[in-house]
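Several structures are given next for inspection.
Here come two complexes built around subunit A, the first alongside subunit B, the second alongside subunit C.
Showing the complex of A and B:
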């Protein structure tokens, strides 16, 4: 997947070398951050064989809370804390519905998608939140080695997530629960708690995305992060996170999200008219997923054949 | 020092007066059960006798409604699988719980408080002792069923289990894999572990168990050391008391002079070789053999489901060549597979829709006639005695027996000339079983050729006009008429040639 991404960028580079400039690449990275963060949260839910379609709305709601509290004169740290709490709460509501009330995930999160979007309008009265203080916009201007602060920060979040998922023992529960829920229960794993944490994490990551989003854009519209839930799911699939649960990595999900964003940027560099943007992006998504699927199938077949040949007579044990 | 050092070893496990009631129906009625260290204790019983329920109570999956359980002499309450694990009771389930995407090592470590290093240090000697050779870092999806079972045993041993429960461990194993498993069970018992062995195969029980208990309708009806019992005692204990035989015995018919309705010539696949036989109209041909003997694979190959099978299958004299299920069905051959949930039934849809699924063209060219469809449904509900509230009741809400009847209705709706039934009474209750038996007879009387595959040898003996015995992928021979007895069929299934070829 990462190879395909590089390939696509380089191919675009032949048509329009401008994309290969450091500045353009950083630009693409910077534009992908919101989706990367949302996709990482979504990933935990998909690991457990669930789905959360309210993450975009949760991002929007957290952004509204952030903007509103800032305009009420709260210090930036406190406002961010409020936004993060909002995300956690939004995730916990989903978690409660799915794990305790046993509402099917897609229904529960479709419901809260409506509720969170509705709350945004109720809180603001339907108008955009503008005139945000400079304190929230500043971090977007910080940088190190020519790379914006938020890229570094997101990279750090990704690194921590990747390391934790790989090494922190309870993180393995996400995979186990999604892979074989009954088996996980019989082995004494905390199945419900694991699912609960997954949805809550999705909310927390959505709120992190809201902070980046608000700082980058500088205002909060009622359509903030609209449709990101589906992009986040697509990013996960692109990155090799299995919708049937139990498989995938944070790095994969992040690369998938980067890919989703890069496609849009590439279309611009290729000079494709704006009205074609979505249609092309969808087409490329399908092609990539299909190619990836065929590649994986071929590899697995090869592996199995090697196994059968290697075992020869086979053994009973 | 008392002299009773050996005589009065504290039992590992003692259960007394165990009751369990499911939705008003008592499944266990005051059961007593005990397990000594170092013994292999077989638990036998027919479907619905309560043996799985009893084991699930011991393993903490179900809670008992009344009764006591003592572990190493101390009274205990086991209210979850993890509580059972903490005591050292581990159940190796019939279908191993694996996480297919995770590696073998991760599968083993799940739920244990060890880091990767310590885990593999602990796992290796256990695997070594079990002669379980597999790559710890391969995904578990690549393990064979036998290896998955070993994985479960290792899980149990890692938890320092002193009680291991094997729930029908051999049902998915080949003959050789089963032998390996028995060897390992004996070795574990020698180290002092108590083993409960659930099986419905008498031969295996006689071979490995030190002690046998038989459950029937929730009551322990027999318990004793294996050497004091014969297979006959066990069979008698398992059969219902009053009505030994569920239906009047079959009058076995010899093969008539008519042309065969199904002819199999030189059929081979990965799982069996060179099958040759004929099935005549109005005949029930039983196929006996252990799991792994190639029975199901043979049926699938005949039904056109195995693209790699070689050889010839003729229905009514016309060859079917790898035609696939739809074409086979049009030629008058239907196959009712073993796993009805996976291959036979639409669980979420109206029961009626399963029954009519294979005859939709008869119900209308473009638009279906609801009246005709319902009429077909009602006909089968009456003739098969299917118990449902409405034809539109989702099939998934029916009992196992009624689901099986719905599947049979689907097969019969095509008015087949040949019907292949694979384990038609698996997991269904006694009265539904009787209905299925009656149906099989009625089909034969109407001139349909029935190929009956079953691992319940009693059933094969009871219903068949002729019995074909398979062993390790080969047809050993054919039993006819007087030769069809439980003993002969059992012996032959275990590979004893004493059958006319």
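Showing the complex of A and C:
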């Protein structure tokens, strides 16, 4: 998938070389951060064989809390803390429903999706949050080596997540619970606690995304991060995180999210009129997953052929 | 039949009756059958799309592109009618578009191992984009004849002025029952027979429960899956046509916010998103339950924002209660079996 992503960018470069400029590539990265963060949170839930369709709404709700508290005059640090707490709380509510009430994850999170979106409008009275203080927009202007601060920050989050899931023993519980819940239980792993943490992490990452989103956009609309839940799930699937649980890596999820955003950015560089944006984004997505399927099948066939030939040689000699 | 009293469908039916009783007690217009039937017009498109989606979800698949198919069918109907074709022939063309859209989904899902969510997310974008771009595409192809602004003008305004005979499709009634409600019931009956009384229906469950077993037992997996997705596309297009008649205008963005209500109806109806279970009756009852709830709360003057919160909360409460009862029932059965074995 990473290979196809690079291929896609290079192919666009043939039509419009501007995309290959450092600045353009950074721009694409910058635009993908919100989805990357949401997808990383969603990943933990999918690891446990669950699903969370409320992450977009949780992002929106955290953004509303961030915007509202800022406009009440709270200092930036405190407002961000409030937003992160909102995300953690939103995730914990999902976690409580799934692990203690035993509500199927899709229904629990469909329910909270409605609740969080409704709360957003009730808190704000349905109007956008504008005139945010400059202090929240500032981090968006910081940079190092020509790369924006948020790209570095997200990269750091990704690195920590990747290192943790690989090296931190309890992080392996997510895989174990998703791969075989009964087995994990018999082994004495804290199954319910693991699921609880997964949904709570999804909420926390959604809130991190909300901070980046609010800083980048500069206002909070009522359909902030609308539909991101589906994009985040698709990003995970594209990145090799299995919806049936127990498999995948943070890097894969991040590349999947980058890909989902890059498709839209590419159309701008190709000069496709805005009205056709959706049609082409869909078409490219389908073409790429099809190419990926053919590629995987060809490799699989080759591997099998090699094995059969290898075995034939072994028995002959 | 005895099992029906313990089924989830029966619980949904009970909730539906309870809901109408409660809503009626607060606002007596809910006891007026004519009013009750008439209010289904506001959410029939959700039922048209959710019923066949049940078949897809039973196979452990999903089709989220339906909401785009609604808009695509609607704008197709409008454009074909503008071109001077009889409006009912245009509706036929719209349904055909739905079938083709479903065919593409089905073939892609059945022939590759790409996750259905990813496939239909791709087609969700693609069909929505096609619906948006279709008017200006026809302009580019030289169909400028209709008005100086070209067909692109329809992109934002929608196509209005559809004939009364077409509007009557959702305005007409048999006695006090509106046509669309009758059509929904017939559609549900046909799908119910297909799912619960034919070999095709059994195949759907088998594919959902165990795709490997399905493959080794030699059932026609590709054909079965394609038919399921085609039916889903057809249902969405039918929803688009009905909505066009009800709204009296053909628009590319029709039904755009129906995705979550549609999926909610199917999963509340008892279908497992991981495949293998679900019934048409369950989806029908859950769809009516959710639809009446929304209409009822609106009639009581509850704001749209609060309704989202209330429906979300009730959805969770209903499911938590279901889980609690089934665990409680299991424990009771276990205890009974234990005491029986001790006696014996």
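The rule is simple: the second predicted complex is superposed on the first by the 290 of 317 C-alpha atoms of A that agree within 3 Å, B and C clash if a C-alpha of one lies under 4 Å from a C-alpha of the other, contacts with A are read in each partner's own complex, and residues count from 1 in each chain.
Just so we're on the same page, a residue touches a chain if its C-beta (ideal position, glycine included) is under 8 Å from a C-beta of that chain, and two chains touch if they have at least 3 such contacts.
What you are looking at is a predicted structure, and each value in this text was computed from that prediction instead of being measured.
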Which of subunit B and subunit C A:172 touches, first, second, both or neither: first
Touching partner for A:247 - first (subunit B), second (subunit C), both, neither: first
Winner by number of subunit A residues touched, once subunit B and subunit C are compared: C
Which superposed partner A:134 touches (first subunit B, second subunit C, both, neither): neither
Subunit B versus subunit C as contact partner of A:126, first or second or both or neither: second
First, second, both or neither for A:182, with subunit B first and subunit C second: first
First, second, both or neither for A:275, with subunit B first and subunit C second: second
In the complex with subunit C, residue positions of subunit A that touch it: 51, 97, 101-104, 106-108, 110-115, 117-119, 121-122, 126, 230-231, 233-234, 237-238, 243-244, 275-283, 285-286, 289-290, 292-293
Sites on subunit C touched by subunit A in the complex: 64, 108, 112-115, 117-119, 121-130, 132-133, 136, 155, 260, 263-264, 267-268, 272-274, 305-309, 311-313, 315-316, 319-320, 323-324, 327
Contact set on subunit A toward subunit B in their complex: 169, 172, 175-176, 179-180, 182-189, 242, 246-247, 304, 307, 315-317
Partner subunit A, residues of subunit B touching it in the complex: 61, 80-82, 85, 93, 97-102, 106, 110-111, 115, 130-133, 142, 146-147, 150, 155, 176-177, 179-180
